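The first chain written gets the first letter, and so on, giving A, B, C and D; residue counts start at 1 in each chain.
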Amino acid sequence: MQATSGKPNKIRWYYEGLSKGVFRASKCSDCGKFTFPPTGCCEHCGSWNVEDAELSGKGTLLFATHSGSDASHPRFEKAAPFVYGHIRLEEGPIAQAIIQGAEPTPEDLKALYEKGPVPVQAVTLQMDDLPVIAFKLQD
Amino acid sequence: MQATSGKPNKIRWYYEGLSKGVFRASKCSDCGKFTFPPTGCCEHCGSWNVEDAELSGKGTLLFATHSGSDASHPRFEKAAPFVYGHIRLEEGPIAQAIIQGAEPTPEDLKALYEKGPVPVQAVTLQMDDLPVIAFKLQD
Amino acid sequence: MRNQLNERVAISGVGCTHFGDLMETPAIKDMSLQELTAAAVKEALDDAGLSGQDVDAVFAGNAMVHSSQLPATYSQMSKWTGTQFKAGVHFEAQCSTTNVGLAMAATAIAAGVYDTVLVFGVESTRSKVKDYSPYEREPISHQQSWLWTDMAVNQAYGVPQGYDIFSSYNGLVALGYCRKHGISIEDFDRGMFELCRTRRLHGSMNPKANIQETMEDAAKRKGLSDAFEYWQSENNPFVAWPSRLLSLVTTADGASAMVLTRADTAKSGRSQPVEVKGFGISASDLPWYGEDPTIWKNDERAVEDAMDMSGIKAGDIGYLHTHDCSHISSLCTAELIGYLEPGKALDAAREGRLRFDGDRPMSTHGGRHAFGHAWAASAGSDTYEAVLQMRGKAGKRQMPKPPEVSVIHTHGYAMIGTVIVLGGM
Amino acid sequence: MRNQLNERVAISGVGCTHFGDLMETPAIKDMSLQELTAAAVKEALDDAGLSGQDVDAVFAGNAMVHSSQLPATYSQMSKWTGTQFKAGVHFEAQCSTTNVGLAMAATAIAAGVYDTVLVFGVESTRSKVKDYSPYEREPISHQQSWLWTDMAVNQAYGVPQGYDIFSSYNGLVALGYCRKHGISIEDFDRGMFELCRTRRLHGSMNPKANIQETMEDAAKRKGLSDAFEYWQSENNPFVAWPSRLLSLVTTADGASAMVLTRADTAKSGRSQPVEVKGFGISASDLPWYGEDPTIWKNDERAVEDAMDMSGIKAGDIGYLHTHDCSHISSLCTAELIGYLEPGKALDAAREGRLRFDGDRPMSTHGGRHAFGHAWAASAGSDTYEAVLQMRGKAGKRQMPKPPEVSVIHTHGYAMIGTVIVLGGM
């Protein structure tokens, strides 16, 4: 997890992974749980004994709604409004992220809600200045 | 002390005075001391029973040094470096402000230091965006 | 932790300004943040019968330093509040600020250090310092406001990746609630309407509220005869389906203050004191909930700690405020606390039970929507309301029977659940 | 106020990073503020033999939110320090931050609420967030740095009217000191040189210091054989006559942390605990002094309260740090405390009495000039040094006889005098 400067910067490391379609996390050697996205400490038990890890990107979309139509951040001006979802990842972590494969309309969202949990796969959206994680509906 | 909008804003009121060469303060009706520049509360005893007041602008320069040569604020880029002094006002308050009538050189400042306390008079410096108080050497 | 207060602590004075816009609202128009703060502080000190020189310490709350540009707030406010030379600190726990300040003040008194502590919160969410002016302000754009507010949200991985407050705090929670309790989207929408109608009613009875117009009057103003028609109209779009705009916070500028003191001296003050019986605080980064969006672990911890410290049970609560930047989230918290039956919060709203004159009164000042939200000042406005209700001094919106025990829950953004328990003395 | 701690409180762990530049200094280069914080926290928790999940509350210090952009610091750091779901608050008292946090933590423990509290401070004074990047930083210009730092100074009337930190904190104080004690400007200059030389010596013995080069080595590097010649050269201009550049703070990025706990459980920790015997805090707006620039009323109050709470006298102090953003101000404070004889501080510097091996050791880490200054992290670095000295673990710069009582004074900018008293257990 050496960053470009030769020093550890986990945040840079995460985004460098994302730009290559790799979903980086850290895994606790004590309790075995994942911290996603990665830090240098286990968010569950506080152990500093964590290792670099990669996640499959597989997950289940539990609920989906949408963002505001005016982006709250300049990075997302072109993208807003977007579908935003609540996801359980295969390896355990819960994530919230942009969802691809549905429109941010009450109709699409209601259909998704009535359908219940559906499988999703993480993908990388390359924004103007940063790669961003998103999840694509799988059916 | 009504500000332009019809509501009290003591800060605006102070600067409006300054732009006319008037040195505004508040005076405590309980302990009789001045709060300069003005607030709505006596800085000495905590009383809310304060009245608008004007100061004469007369004072005594106790010590003088100079500012940095690179202004720490854009407003003072043209003025820096300037002589900066520690002043006892006739009405009691202590003030620190720009001093006019001496150069910010070790020579001038040493001469001022060796001379000891000297009388000064408040004047208004009109900066690009705001009037600023300064004190002029009186001899 | 032992989770007890070794000595009894009381609130002996409270103050709160009108919540509104420093550039528009007549009651606070053109005031500096120094003067806005002083107005709340003066009310609290007068209420306690004290001056700024009588307090031992000042806990100065302000969250969005980008709009206020007044860090070291303890010293910048000291000549405006008469508190020169007192101990101080500037702190923030975002929208929990003032009540986290109350907790810190309570510990400083119960530790034996201070006898009297002034806590205040001040915020401008509507405008910022103009250029380098010492008094001119200018409005903040919608995006600027969220950029600065969202600085409190995970800056490494949350905000950069598309985090959206409306989704996380409203839409997903709403869907989780409907799914869990088998509530239809239509019933949800009707329940949210009724809750907002109650909050608007409360706001209309509160001369300090940001919005004092009832939903019925808003409908009339728009030429609609029916408030629910107004609710479902283009005046109230979905901000995060199925949650609508009027289920949200309205932003405001404002200040609040409280004076805390040793309980044994509080009774000799000017006004009826209220005891700080307990508190609980628990912070969490995103995501704020696991698979079930209605259960927030940080709230569970905060509630548990506050209940434990104060020794009260849910049935003892006579008045409750839960943080309602998001109305649906506030109902989840009320159910978590046990004030409302699980899954029945919307029914309670529809039945008017959450009104000031109902059997489960909540947020009688109008809450974050009608009273308005001024980040660091808001928790103090909630406490202010609770103290007024407990004293029987809440004016038109006074609960018929003043509560003996009040609980105030707030969410400090991004995220810190904070619960305080107040009791009569 | 009663000014006592109802229960005994100890520091059971301390941590501090290298102070330097996140964009340049090898030991911390390219670290995020989250990682910089975690490094200090890990050291403190390891020192105490605890994990983040063992603490009850986190007091998160950060002063210059404009450079860090991490408000709600308690939650933004929680996954980097293992402290999810703990109580928290973000606070600042500028350059007193970490020690004001220590005082707040001590009250929270002595009140009976928490058993263990983590306090940290983190700051970047050298760089800021670049654009909207979650990890890239860029350097701050001199003017930008002062604009943001001076936001802590009276924004109504101080900064807008030409306030200058170098004048207020150095030049005027120096002149007041010389006048009061009949010291010539030449003797003043020589005394300031000797003080700086001592601090540089201390920095050279501290592997975490911002400047580890002695004055002699700096002179050599410039091709000068004599350190005093270097002092009087163009390398060391007057920044506020008669005060020179090298009598000032050097800015840095850094983080510090401490773990506070009940004294009765502290001894079962991993390292030798140190007791928090007392503290005093007093804030003041400008001007910080009256006619006599050497006497600051806020410091008088803070010193008096800390002495009173701890029950110590000046003669009990074995190690002293006074805030030395301005070296002359730091000497005035040492005289105010009674550690040095009035008017004799410059003599003490010349005689080497202020060195780690002298009879009046001060700022053995190198102080704000050599160790460097990272606003909210700095007071914690002073406490870190005091704890190391008291444990006999300060390496090359270890005082021959570890002090039994240490006093740490800091000035939170603009202005809050803060004094803490530490004692052996």
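Everything below uses one rule, namely that contacts are C-beta pairs under 8 Å (C-beta built on N, C-alpha and C of every residue); 3 or more make two chains touch, one makes a residue touch a chain.
The structure displayed is predicted, hence computed values, not measured ones.
Common neighbours of chain A and chain D under the contact rule above are C. For chain C, the chain with the farthest CA centroid is B. Rounded to whole angstrom, the centroid-to-centroid distance between chain A and chain C, based on C-alpha atoms, equals 31 Å.
Chain centres here are Cα averages; for chain B and chain C they lie 40 Å apart. Look at where the CA atoms of chain A average out and do the same for chain B: the two points lie 56 Å apart.
Chain contacts: chain C has residues 32, 34, 78-79, 83-84, 132, 134-135, 156-157, 160, 285 touching two or more partner chains.
Residue positions 11, 43, 73-75, 130 of chain B each touch two or more of the other chains.
Taken as a graph of touching chains, this assembly fits none of the simple shapes: it is neither a line, a ring, a star nor a complete graph.
Contact between chains, using the touch rule, shows up for A-C, A-D, B-C, B-D, C-D. Looking at the complex, you find that chain B touches chain D at residues 11, 14, 37, 43, 62-68, 70-76, 79, 82, 84-86, 88, 94-98, 104, 106, 109-110, 113, 130, 132-134. Against chain D, in their complex, chain C makes its touches with residues 1-7, 32, 34, 56-58, 63-66, 69-72, 74-76, 78-79, 83-94, 100, 104, 106-116, 129, 132, 134-135, 151-157, 160, 280-285, 297-298, 301, 305, 309, 412-416.
Interface of chain C with chain B (complex): residues 28-32, 34-35, 38, 42, 51-54, 78-84, 131-135.
Within the complex formed with chain D, the residues of chain A that make contact are 3-12, 15, 35, 39-48, 73-75, 129-130.
Every residue of chain D that touches chain B in the complex is listed here, in rising order: 142-143, 146-147, 150, 156-157, 159-168, 170-172, 174-176, 178-179, 185, 238-243, 285-287, 289-291, 293.
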